[in-house]
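Heads up, the next two complexes both have chain A, just with different partners, chain B and then chain C.
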Partner chain A sequence: MNLDYSQFFHMMPEVTLMALLVIVFIVDFVTAHKAPIVLTDEKTGPSPRPWFNPLVCIFMLAHILVNICPTESASVFGEMYVTSPMIGVVKTILAFGTLIVFIQARTWLSRPDSTFKEGEFYMLIISTLLGMNMMVSANHFLLFFLGLEMASVPMACLVAFDKYRHNSAEAGAKFILTATFSSGVMLYGLTFIYADAGSLYFNEVAKNLSATPMTLMGMVFFFSGLGFKISLVPFHFWTADTYQGAPTTITGYLSVVSKGAAAFTLCTILMHVFGALMQQWQYLLGIVIVLSITIANLFAIRQTELKRFMAFSSISQAGYIMLAVMGNSGMGVTALTYYILVYVVANMSVFTIISAIEERNNGVTDMDAYNGLYSTNPKLAFLMTLALFSLGGIPPFAGMFSKFFVFMAALEQGSAWAYLIVFIALINTVISLYYYLLIVKAMYINKSENPLPAFKSDCNTRLALAICTLGVALFGVCSYVYDWIFAAL
Partner chain B sequence: MQLKPLTKEYFLWFTLLSIGVYGFFISIDLFTMFMFYEVALIPMYLLIGVWGSGKKEYSAMKLTLMLMGGSALLIIGIIGIYFFSGGTTMNILELQALHNIPESVQKVLFPFVFIGFGVLGALFPFHTWSPDGHASAPTAVSMLHAGVLMKLGGYGCFRIAIVLLPEAAHQLSWIFIILTTISVVYGAFSACVQTDLKYINAYSSVSHCGLVLFALLMMTQTSCTGAVLQMLSHGLMTALFFALIGMIYGRTHTRDIRQLGGLMKIMPFLSVGYVIAGLANLGLPGFSGFVAEMTIFVGSFQNNDVFHRSATIIACTAIVITAVYILRVVGKILYGKVADPHFEELTDATWDERFAVGCLIFCVAGLGIAPLWASNIISDTLGPIIEHINNVTAIASL
Partner chain C sequence: MIPVELLLGLSTVLFFIGFFGFVTRRNLIAMLISIELVLNSVDINFAVFNRILHPGELEGFYFSLFSIGINAAETAVAIAIILNVYRRFHSDQVNSIENMKL
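Right, the complex of A and B next:
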């Protein structure tokens, strides 16, 4: 094993993120607010550091641009860390999602009760992103676990970021408890796998693994550990409370970037490491997918609080994401990555709008606030409609294409089991369309005594919405996007 | 036409609906076809939900979800056709030429595709969205929806289900012939007992669109020509019907036939238009309905076995029932005493309404008086396709 600094060149995304983290830390340290913190009831106020957010966004953009070119495959640090064009694409997508989060976070961060924590927010997010990058690139279960923890622990701080709000602290506690519990379960599973394969390197495990009851149990434990992260049913119980309690921006981040990274990792590990157990995990996965999609859809119908609603919607979307893995093929990886990309823009669009409305509605995110929104804020309502249509899989928006590719990937094998699962998933698209249409109905058809007054969003919200809407409208019809992902395979 | 303040949005969604319809008919690729099917579907929700009347929210949701359910079945069928054809194409023409989907698979996929499109074509147990949807939709949407959108179902059933899965179509057609026969007769009977003008016309559409699917399943060249003629003819006369109902409703503010009467005295132009539409609908010679239905029944009767012939005879009875409900409505609302003294002050059609109605009547009558030019075009195009369907089966049965 030869170790020299040139190996870091293969780790460009991590290196630039690390540099970004250091820069943000220094900038925050130097310019931090010296005066004692005074909490007032005032909702808005001039931010003491108006340049901070654009600065971080520009650095984040630079990070994306530096790493956008597909990297060649390499493995460094004793093959613990691997990279490939596909992994590069996934990291770019995650960074892209994070950039949108940064852009739209500005309004919320300039509130007096969080403006002094602005630097911490960026640092925490960047460290979770760094953890996710490590997780995606890992070729060894220990590095994978480190990445996972690095992504989870700062996330708990983020969830509890609005610590003066009771909800937020509660959500943070719930999140960290489930995260540690799931990590424990996962580690337990890994010990079984280690016992059988005698190694924790992915490729060696893949080579040595045999289908014994013990490895099967290890696989199931491992699966449930990641299932918590992706919030698949029956590991979804934390989702609704955490999504509701966390600040809306964080909920958005949690639902797209965190979920996307975990889903991609689970996909590659199931396909490559547990290839020997494919027979078994296909049944396991099929059942979990059907449960996730169906149960989450049925629960979503009953929700009246929009963030809880989006939590259940995201559980069901997770089911669709995992559907791509059913086919166990390269096309599945492409379809999954594409789905994540489309899901990032559509869901972030929804959360940006929820966040904008929440600001004007005293922090309440009930669906009632959306009654008659079209009459007062037509543009916002229209963008929300587009995003919801994309989530529901209505063409010509990107969501329909991503769903179609996922179904294609799942059916590539052509087994009756896969057809059954896809059929159930398809029936569920009808249910999901029903509840997405409920919001559309609230905005366009329902009458309201006192609808939310018309307001002008600030430029950051607009920018974030513009990016998301462009994505929703174009990622589907411009085949370049899919080709870009497919070429990286 | 009374549109609420959001006129701009109305036309936006309406245009999107038209895009979907046009796109569907011009696409020769399974995926694009499916995509446009759904593009046409979603504006309906807002068009009915926002600008509709009556229990519009319920109808809009019901319509959207049922059609979306149909499209869910369709995806399975489309992906199945793609993978089992062994090719790497979704082009319908190439798939048709390839023709190598195993028969056992065809039998599984055929119901998915046929029902998927059949929902839109108001196939019997899946037709329930149609009366509610049509009754609640604003006039222009009803016209486009019953006139054009429901034909997507028939076209899709033929182009994808029957042409790409011909063996299964021959073997399973009996199930769907029974269902469509029920559609035809049941739709007509249901129309007899309705009291809302739009419901009557919507059930009549179920009956007539059922006839389209019925004729397509008979799979003779004459019956399929008749099916296409019926699509054309029903599209025109149903649009005429809904336009007239919209104009009458705009004046009297009721569509309940019990509250209407003597309109012939008050608005003669609209009433005459209504009579013409009614006569075309019940298949009077000289109008398009006669040409289409005649061709369909003659074509269906060419199948010389008991099942097909008895199905044809049962379907034929719908003509009589159609006459019952059309003449009942015409007699009730157009003749007799003026039901409400307020109606005396109402005006007849304005020049733009006259123009629209005139155009449609011209087409309906034109197709009825000189049908050959249309039926020749249709028959020539259908020839090779029908030959393909029947050849394939002949080879398979050897």
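Right, the complex of A and C next:
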């Protein structure tokens, strides 16, 4: 069989990412002698390779610009790999989130105790992004599985990145064990789907699948495997520890980009592949969504460590994201993608501020550090407030619009069951507002004996915050963004 | 030929031994071994379903092959991380790596 190399033109995002990976590898390999391994607790010092981070950011921006035009639908490599305008939009959003992560990672990566790992950081993040792109584009369960593993194995290395810190090692162990276990459970479910359908192509499975107890069991196993990755509630035990232990930048990446890719893939698979089992999975999904939103909200209220708090907040946000799938319509896919985009800017804004404060607070991310922040750092407190309002869904910020579209998409189904779930989700919005406002209260109202002294952030943190805040403020009121996603459908 | 019930029984038993081990064992290496049992049951299942239900095709066999390869990569990373945990905590018990709690 001859391989037609022109097929690669249809997978431009992967090709450019691969090129980026090779470039970063060569640059790191050639200049590694400038940043020798030093084991020191020194937190400040000149970075030996100050040009590295801007270089990678520019290449990442180039990657986004090359692929921002919506691609036409195509399927290549024996229909294993498909692409469509919608998939192109999702890949652009994922790359945009990664760009913000790169921009804000500079402060952390120029510290003497992690600067020698800078190249590894970029390579690992780019390879997870490559895996997520593969997963989003997959049209065959084998390619989907390869993409999923390509995303989660380097992710485990990233979580355990700070290898001299106890928490990071602990978080890495918990992450890799649950990730492997969940992919095992997922594959076990997949075997029964294969037994019934006789093929692993998505459209073949969709055509041949029958609603028997065996396929139902397979679907439930498959769903729980992916539920682990998105951290929906009965499968969320790893989330809090992993988010708390991982370096803050990586927690941000884990909570937005990785979760967004997995949620979109679960959405396509449920809608297109398990169409024959729709009645059953809508029931299952409804229960899981209600549990995720409610339990995560209740746990979030009693957290005092901010990264752990954001972990529970992200579990409940994952519930809202999956709410869009309930409607089983094209509008649901749009609402889900839009929600991911808004979630990327709002959450990255919060994590950028967390890591800026962590740098000045000896690596501690307790909520006490935020007491009286407004009196010393009013601008930072204000930006944090905007991001938290957006996460909570207060108009006119983008978060309100994304929640609205998600609820509308869920209600399109029209059954009493969907109305009940949306009602519970609405009540939970109020609860989530309460705990987001706890942080705002700490910053503005709580008095502190010695609040964090005033500091000036470096230009990278400011740039990341500016992009995120612009997104939070404008993605909602500029209908152009929603139209862009909707047009790609 | 070995009856299909026996093969499927074997893979089911393997899966649940692995599941049970993952939940009850408190040692990181033992948990990793339990996960391997789960993954092996998946490989057996794919091969059996391909051989019995869809003879003449190769999709299931190929999936088994790829899954074996990827499991090896995952295990390598997991062992590296567990080694690092052992260096930090001087133990590979789950109770000793519970620094972070509410």
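Please note the rule applied: the second predicted complex is superposed on the first by the 483 of 489 C-alpha atoms of A that agree within 3 Å, B and C clash if a C-alpha of one lies under 4 Å from a C-alpha of the other, contacts with A are read in each partner's own complex, and residues count from 1 in each chain.
FYI, contacts are C-beta pairs under 8 Å (C-beta built on N, C-alpha and C of every residue); 3 or more make two chains touch, one makes a residue touch a chain.
Since this is a predicted model, take the numbers as computed values, not measurements.
In the superposition on chain A, A:Met400 contacts chain B only, with no contact to chain C. Of the two partners, chain B and chain C, it is C that touches more residues of chain A.
In the superposed model, A:Phe423 lies in contact with chain B only, and not with chain C.
Once chain A of one complex is fitted onto chain A of the other, the partner contacts of A:Met367 are absent, as it touches neither chain B nor chain C. Of the two partner chains placed by superposition, A:Met217 touches none, neither chain B nor chain C. Contact with chain B, but none with chain C, is seen for A:Phe389 once the two complexes are overlaid on the shared chain.
By the document's definition of touching, of the two partners only chain C reaches A:Asn167; chain B does not.
Using the contact criterion defined above for the overlaid structures, shared-chain residue A:Gly414 touches chain B, although it does not reach chain C.
In the superposition on chain A, none of the residues of chain A is touched both by chain B in one structure and by chain C in the other.
Those residues of chain A that touch chain B in the shared complex are 389, 394-396, 400, 404, 407-408, 411-412, 414, 419, 422-423, 426-427, 429-430, 433-434, 437, 440-441, 444-445.
Chain A makes touch with chain C in their complex at residues 141-142, 145-146, 149, 153, 156-157, 160, 163-164, 166-167, 169-174, 176-177, 179-181, 183-185, 187-188, 190-192, 194-195, 198-200, 240-241, 244-245, 302-303, 308. Residues of chain C that touch chain A in their complex: 15, 18-19, 22, 28, 31-32, 35, 38-39, 41-42, 45-46, 49-50, 53-54, 57, 59-60, 62-63, 66-67, 70-71, 73-75, 77-78, 81-82, 84-85, 88-89, 97-100, 102.
Listed in rising order, the residues of chain B touching chain A in the complex are 31, 35-36, 38-39, 41-42, 45-46, 49-50, 56-57, 61, 64-65, 68-69, 72-73, 75-76, 79-80, 82-84.
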